[in-house]
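Only one structure is covered here, and it is reproduced in the block below.
Read from first to last, the chains carry the letters A, B and C; within each, the first residue is number 1.
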Amino acid sequence: MMVQQQLMNRILTELLQQGMTLPASSSQSSGGIMMDNFLNSTSVVPEFVGASQTGDTIGMCIPSVDAILLDHLHVSKKFTVIGVLSSRTGAGPQIMAMDEAVKATNTEVIDVEWPRDTKGGAGHGVLILIGGYDPSDVRSAIQVALDNLSRTFGDVYNSAAGHLELQFTARAAGAVHMAFGAPEGKAYGLICGAPSGIGVVMADTAIKTAGVDVLSFASPSHGTSFSNEGTVHISGDSGAVRQAVIAGREVGLKLLAQLGEKPVADFPSYIR
Amino acid sequence: MMVQQQLMNRILTELLQQGMTLPASSSQSSGGIMMDNFLNSTSVVPEFVGASQTGDTIGMCIPSVDAILLDHLHVSKKFTVIGVLSSRTGAGPQIMAMDEAVKATNTEVIDVEWPRDTKGGAGHGVLILIGGYDPSDVRSAIQVALDNLSRTFGDVYNSAAGHLELQFTARAAGAVHMAFGAPEGKAYGLICGAPSGIGVVMADTAIKTAGVDVLSFASPSHGTSFSNEGTVHISGDSGAVRQAVIAGREVGLKLLAQLGEKPVADFPSYIR
Amino acid sequence: MMVQQQLMNRILTELLQQGMTLPASSSQSSGGIMMDNFLNSTSVVPEFVGASQTGDTIGMCIPSVDAILLDHLHVSKKFTVIGVLSSRTGAGPQIMAMDEAVKATNTEVIDVEWPRDTKGGAGHGVLILIGGYDPSDVRSAIQVALDNLSRTFGDVYNSAAGHLELQFTARAAGAVHMAFGAPEGKAYGLICGAPSGIGVVMADTAIKTAGVDVLSFASPSHGTSFSNEGTVHISGDSGAVRQAVIAGREVGLKLLAQLGEKPVADFPSYIR
């Protein structure tokens, strides 16, 4: 047996040298297998705050942004201290994570932009800019957002054919307001399916389940960056919004599974 | 020899356990190796009609759509019975398949949307909504469209560097009219190459071959969702349109092959 | 040892037959491992000029474009001789390469279009159309551009998480002017990072380093085709522009490395 294991190791080493790839990270998915957190590493770039393999998300802080650059950025309000949260995969999870961060710090979300990304998947990535008066506040907000990603990716389900995303907050703040037009202080829910037709049926089921306000329905040619997602944004009473989100999730999981593979999340669900 | 085969199997098992991937399905391509049809499976979601691995296409029917959701959808005409055909890869093939479906049923195409998708490839996916008066009509239309995919993917050719798509119908109906602006009742042809420059030369060759009407030329920044496709849409006499499509295909296959690999289709060609 | 090597070869052959893939080409990257140039192959399509594995770039020339097609193309000026440079990955490198080509020939850039591509990566591909009076001039321009790709891809750095692109010319010509709004005859620099937040910090560092004119800052929702790139375009004194580009590169390499992997270029850097 020992000999066989040695042989296996030798073969594996040789194959890896020849370039065979093992899936060290699930780069195609809307999540990432593990929360490989590089926070507080010995970076020599002072702007760096932290990074996470989850969504390939990087957080930075510019303590005093160049005035000319600031004029060319598309921000809703000008600050000299700028925080940056940027990812290849996500949008929803990072926005929800940042919503907690702005509640906890003296900072404001001043820009949310939507690349069509997900590394070949069906969704977006995101670029979030925040402003503040004190670099330590802004760094702290970026850190809080990074720390929240393992929670807000809890209801992102992936399969080879597509993905689902569910989000819920009992009290929306500035990030959710700027990104999705949700009224601040009220409960907010996001129900998303990809390919986008799954999101249409999820939305229909969710809205029929409980009395909620429909903020908007986003689809490939309307309200997305040409992503292949159907997403309904809802607001209202906390219990009703939660119930609608859960109903949308149930039908979405069954429909996406029809495309060949059970969708799975990388983190535990937070919406119960 | 037996011992060697046993060793091979043991090695393969071990490598697969360590996460090595074998190409079970060609998820990157604009088609899919086989028509793995899940139709009539024992789904517990009543809206589900059918699904196909070809283009990762799913078909659904909402017998009585929520009135508030309907207000938020971008449909050309309001129906309470809504059919949904949604895919990660394609657009053209699903639209042509739906064109046959609306000819065969009492249904109408009320929305065509264009995600930038193809799972990392150069093209689109699609979201098609249809409306009808009777759920069984709408389910039947979605079923007809799914059944047509193995035909309409017949002239989709893929290589690692790009793809070609050719489509032809002797008589365009509502899906082709809504999606491409083709006059109903006349012959219609689609000639597409990716990367997009190949489509420019295919279009030039096709138009010079036969006297046809040029409806439009779509390119990355004009008339696509930033896909890397050059596509000419033509209309006119059936024989001339067919001849132009075939001429475009011939030059496209030669040009795409110059990027290193012979393009191949997953299904038999239907344009002869 | 000989026996072991034979065993290895047998195993490798068997695995490859079973479909295991070895990375023959880095199809996901913004470059391509080697400059596999198919120029002057025995193509039977007369429009074909050349192709390169670098960025999956193909060059063609239409000696006398169809008049109806010309009406449907989105060109700034009408020529009957049209050159086409089209790629899955790049944009910046092909535009810089074409900038040298138009300096060296009697041709003009008449269209630059931006697919959202990079084969699942974070950036664009490109479609460039040029016009001229003589097919041999136009073919020559396309050839010059293809020959320049191994230089202009010299400061494109890739990792699994994203990429960086740096470009510099001491004297901008028509391609850079049309694509980026750079004043002709002056030095021009491009500083780009993906995911896009990295580009924000690179831009801030670059502009603070030297006195340059900021032409624009492009981000996912402004001035890109929803790519996940942050890009500052600068102009001005040659020494200052070069210094700013180099400073942006330095901080970008450190930030992108924080997402898990050292970024690497496929060709030698040309900006020193």
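In this section, a contact is a pair of C-beta atoms (placed from the backbone, for glycine too) under 8 Å apart; a residue touches a chain by one contact, two chains touch by 3 or more.
Per UniProt, the chains are A, B, C = Propanediol utilization protein.
Everything numeric in this text was worked out from a predicted model, so none of it was measured.
Undergrad: Taking all residue numbers used at the subunit B/subunit C interface, answer same if over half belong to both copies and different if under half do.
TA: Both copies, subunit B as well as subunit C, present different residues to each other, with under half of the numbers appearing on both sides.
Undergrad: On Cα atoms, by how many degrees is subunit A rotated relative to subunit B, nearest 5?
TA: So the copies are related by a turn of 120 degrees.
Undergrad: How many angstrom lie between the centres of subunit B and subunit C, each centre taken as the mean Cα position?
TA: Result: the chain centres lie 29 Å from each other.
Undergrad: Which parts of subunit B, given as residue numbers and ranges, touch two or more other chains?
TA: Those would be 11, 15, 20-21, 116, 119-120, 226.
Undergrad: So in the complex, which bits of subunit C are touching subunit A?
TA: 4, 8, 11-12, 15, 20-23, 116, 119-122, 160-162, 195-198, 200-201, 203-204, 207-208, 214, 216-217, 219-222, 224, 226-230, 232, 251, 254-255, 258-260
Undergrad: Mind pulling up the subunit B residues that touch subunit A in the complex?
TA: For this pair, the touching residues of subunit B are 10-11, 14-15, 18-21, 25, 27, 36, 38, 41, 43-45, 47-48, 51, 53, 56, 58, 60, 62, 65-66, 68-69, 72-74, 82, 84-88, 113-117, 119-120, 125, 127, 129, 225-226.
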